[in-house]
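Two complexes, one shared chain (chain A), two partners (chain B, chain C).
After this line comes the complex of A and B, so read on.
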């Protein structure tokens, strides 16, 4: 806010520059405030239960070691994909809370397919990605179809589908997978389909997974789709006002189906970097990372559904999670970082709401001032 | 005057017929269940132990469902039930360990209420999207109890970084005479009589006070929301807050109260899990029951009696999945489902809804085929039942369901006129 006030004082700033500065401030300030508020709230909670907030902040803001750094990079890639999946829905006003279920289904289908070795060699990777995306899309389409043809809220049906997905995946792996110790997993990924990772620095303790690059590709694809295509335009229009979209000839029902399927397709890919990069098999709960779907919603919200914002938010969440692994040594449960993440989301939506209301009010005031001035002119002449 | 009188008595007669029909339907259901039991030989379908497990499975779902009902009747969607329930499990364990079972129950309600307060501040005061706030609360809730458990239970006797046991729980009692009599009848395996006796024995044996409280709360909820002026005003905030505002109702206050009560109910559900369903606390022991509560509420068409029905049904499936060798039991239930679907198909056909009837008939045949081509059903499917049933109900009866008109919508003071 302060920059916006300063700009006219400088005198030379054009209205356009002022507007850009204003939108930068109102775009960046809320997430920043939210993160600070969430860290503060977490610190207060730790202090309230006799812990040391100083230790907490010191661990979180320490320089990550090589291993943690790799974790952060890989996790932020998966969170970005999940965030993009959620954002596709959000941009059209669809709350795809089913990202969680869709990526379970995508992961399960993909792992079964890849493990079977139906396609030999590196082509297996490509084919598996297609299978995973299709599985996610198909699963999301259940919610889409129910919404379009039966008027069922996509939130409610997706919550049900999330649980069905988890149970079904567990059942399928037990029934058609193989026993490994006490748990069941899918067949291991054949060696010739295991891509090499990126060694980003010498004698690193691991790789940046090859398919973490998927996040970049999908991010750019998402930006292009939303900002540069007719489909993206119609999607945004429908999100802004479905009645206006309908009036201007957009087939809202079809858009809903496609968007839901698209969101599900991306969701189906969320876990693929980890699968090809290090896990190489699928089994709940040991050989799977649950919860990325819900965090993806948070990442999309924090990143305001913009590609760069999503990347930034995913990096932040991955950073917090990665650093929290060292909290144990400070005698603080690492779960505490969930509080920080949840509070960040809550704080950022509240902050956006407050900024939005303030802007609406100031705009209304400006308009009424202008009208008044014009009326005064008319009266004077 | 006479016509009016006649109209009135016709209405009374119709009401009587409807009630009569309900009793007849209930009787028919019992007859079918009993027949299926005798036919399949799965006597455990209505054994006292099974029904006791069903009640214990139903209560947390019921409390969560009632919590959802309170919030949604005031127009606030509370997806955060799961997180509030989680907070409740910790509250129950912590306060019961240090101050006794009563404090445990109250502490759980208080923790749930705090979760509700967070939701109310975000959704009512700041107008944040209800779903977003709920998702965030679920993330925070799980993190909070993980942190709290490590901080407060690790050094206790019987405690660990993620669990606690050794606290006292609410007293249990067995209704004298009735329980024993019903149990001996239930063991005879008589047609119908033993099934009803099994239900009675299951309800009257080792009954926890918290179970009694849960069922009392169903009545209290129904009475307060539909028989008091407070309830009428609260519901008006969920149907049309602008109209409520023009009538001088402080909509924000009613929404706050509703969401706080909602959180407290969810917290009680957590207490039930940590004190009755099990006697120890573990991080994350709700296992999605907050969401099942939400499902029960939708299944029950946003009405207390419906929530009760849904919870009992979901609780039954939840309860039997914990019994040993439940695959055979579930297999017998499959036959029940098949018959139920067939009945629905016939009813729909008579109501001239041909497509729905065809879908129902198809599903019914599928269930019959499944039943006759297998001996046992994997228990994974039992755990899935609530979600599948709710999806099914939403898909088939979505036109019949009626949620509060302004449910989930943002409301800002001064929006009217």
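After this line comes the complex of A and C, so read on.
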């Protein structure tokens, strides 16, 4: 709804004000309701199994310490990137469930490349980002090509490709990486390609990763592409009505391929903040954080594919995960937070649907009322 | 089997802004094949849906065996003995005939041997020759149709409504179907047969009712009626007189099709050897019964389909192999047949819909960026110039009435001074006021040198707007008429393939 809010108001001030108020309500209310519903559901579940919902809520809503805050920021950056990758697909009506596989492939390719030190110095960072994005794009294109030329649903092929990605990454690291303890990893990132982070929290061990800022850059880029450019317009139209897109001159097949590749390219970058910021090597499962891709889909859903929404959703998810670490000490398994996250997404989808329908109905009514009034005026005069 | 006598009396049905049926009366006698004929858009489908309980009627009543009935769903219609076979089959390919038939009617004879026995009995009684255990995916079109008929018989229907059943059949299959229908009425059923193929109607029907513009305009006795008479009933005898304004037709060709042939995905030729020229300042109307190649003609011009052979020129530009975007960029406006699917993104505000189809040209888009200001201002211009009734440019397209949506589309497609306007049913389903406004705008643009390719099923529109009429039949242009001298029976015969082909 953010696009509508910014649009200059036409007509008299009152309906415009009402419209803005309406979009604020319809934009913010659903996620709020969803979070409350999810908290409630989790509390009920905890109580049902003999736990204390009070302890749960207290831990979750406690003020996070610096250490947790740091984790929240870094994690929400990666979740945002993953959410943007998913949102690009969603805006075109593609369900790119393969963000998971694409970011594994991107991470693996990026880590091999960066570790090899082919490009010396800080330039290595930029080159690696390009490699990771290209790898993600190439991997996503498999699903894109299968969809366009063979009619295979991108959901099915991407799920399969997710498994292949993880297994393949493991194989490649074992074969071409180096032994490190009991596992294998890629060669370590050369020291001169390790960017300095931002030391924001004095009490936390570590920095806000330099490449966490990638989330901001990609977020702004995504907003600009979708809301402002002709390409973004065509992408959205194809998602909203592929038949109208076709009649308007969009090559829908090509659009599918490009969108899938673009989504995969962003997905390829998801783990780069962690890689350059702290891990410096890649190996499954120890030296990698799996699952960010799937969470990205949830983040995009919760954020309604809007940049600000995605940032908000990513922050919420990171906050819940970060706080959940303290649940252990309260005697509650930290995994309940997965239930909270899942319920939030489920509830928000329902809430958006309800609000969307009500909005459409009230708009239709408003239009007919206004036209009736105009007609009455004409008759009266 | 007991017979059934169904009568519709004074049926009326209104949709917002449109009257789909008014004062429709029809008597389907027991053990008769009753044919319902009429142009597309004459209101046949609405009547069928009312008879089959898909929609409720606003006025009038349906009387079955002398008792008035009301159907709130097809289930009620079936319970009263009325079944319907749709033009598009609804069968699951991977199931057997028996499974398809039993699906949803499990209560009648279960799903086991008893059901199969019943299916075999019906099949033998009417000479269908269907094996309940055969897989539907192995069946041809004619057999599938029999399965559909068997499906409604199995559910106890005694009146079977068939929506254009011969559209999908080859001539031998048509004969076989007619034999089946004879068998049905011979054993107590009634058949309502919907068609616009006059030959077939005359050969199978016992009674004929003709619909035009939402109402029943007459009945005919197939033993005595001629095709010419039926055609005249279908298209109306009094044709509108064309606008008296002087001709604006120039000698300069805008669109030139030369021996264009188009095949669909299955390789079947849908357009054959089409040659057609539209000049600047000229409206060329394509008349024809729907499904005879009109959509394909529009799509091949718009670059949405590829010609197998022949060439298409826009002025001096060869557009035969160009895609839709390139064709539009050369100055072609396009009013698509289905405004909801092709003309608009319903959930987008009007100003974004202004951009649609014009993504490459100012004022909507500049240097690859969507110009919010330009698009909004120009959407506002269209709203004022074309009298689109809307609170503003931020209103979503969905909230507008059909007529206002269409006025907006026509306004948009006339933006940027196109050379050619391809208009497919530009006033279908819009109210009279919007229709007149759209016609005026097309006439005005024609005066300024616009060439228009107009596809329509509305004879008022075709005759009132066109400088020349071409008739399309089975993918060929079969006749050419001057709208100021054409007679209803000429046009009707040419459109339905009922008479001699004019040169």
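By definition in this document, the second predicted complex is superposed on the first by the 342 of 381 C-alpha atoms of A that agree within 3 Å, B and C clash if a C-alpha of one lies under 4 Å from a C-alpha of the other, contacts with A are read in each partner's own complex, and residues count from 1 in each chain.
The rule we apply is simple: a contact is a pair of C-beta atoms (placed from the backbone, for glycine too) under 8 Å apart; a residue touches a chain by one contact, two chains touch by 3 or more.
All figures in this text were calculated on a predicted structure; none of them were measured in a lab.
**Q** Classify the contacts of A:346 with the two partner chains as first (chain B alone), second (chain C alone), both, or neither.
**A** A:346: touches chain B, not chain C.
**Q** So, A:161: does it touch chain B (first), chain C (second), both, or neither?
**A** It touches chain B, and chain C stays clear.
**Q** Which partner does A:152 reach: the first (chain B), the second (chain C), both, or neither?
**A** first
**Q** Please indicate which partner A:214 is in contact with in the superposed arrangement: first for chain B, second for chain C, both, or neither.
**A** Touch status of A:214: no partner.
**Q** Would you check which partner chain A:262 touches, where first means chain B only, second means chain C only, and both and neither mean what they say?
**A** Neither partner.
**Q** Between chain B and chain C, which one contacts more residues of chain A in the superposed model?
**A** Looking at chain B versus chain C, the one contacting more residues of chain A is B.
**Q** Based on the superposed arrangement, let me know which partner A:132 touches: chain B (first), chain C (second), both, or neither?
**A** Neither partner.
**Q** Per the contact definition in the header, classify A:233: touching chain B only (first), chain C only (second), both, or neither.
**A** The second partner, chain C, only.
**Q** Can you name the residues of chain C that touch chain A in the complex?
**A** Chain C reaches chain A through residues 302, 304, 323-329, 334, 336, 338, 341-349, 352, 355-360, 365, 368-370, 372, 376, 380, 389-396, 398-400.
**Q** Across the complex, what residues on chain A touch chain C?
**A** Residue positions touching the partner: 4, 7-11, 15, 19, 227-234, 237, 240-241, 243-244, 246-251, 360, 363-364, 366-367, 370-371, 374.
**Q** Which of the residues in chain A come into contact with chain B in the complex?
**A** Of all residues in chain A, those touching chain B are 45-46, 49-51, 95, 97, 146, 150-152, 155-157, 159-161, 163-164, 167-168, 170-171, 174-175, 294-295, 297-298, 301, 332-343, 345-346, 349-350, 353-354.
**Q** Show which residues of chain B lie in contact with chain A when the two form their complex.
**A** So the residues of chain B in touch with chain A come to 79, 118, 122, 126-129, 131-133, 135-152, 161, 283, 288, 291, 294-295, 298, 378, 380-381, 383-384, 387-388, 390-391, 394-395, 398-399.
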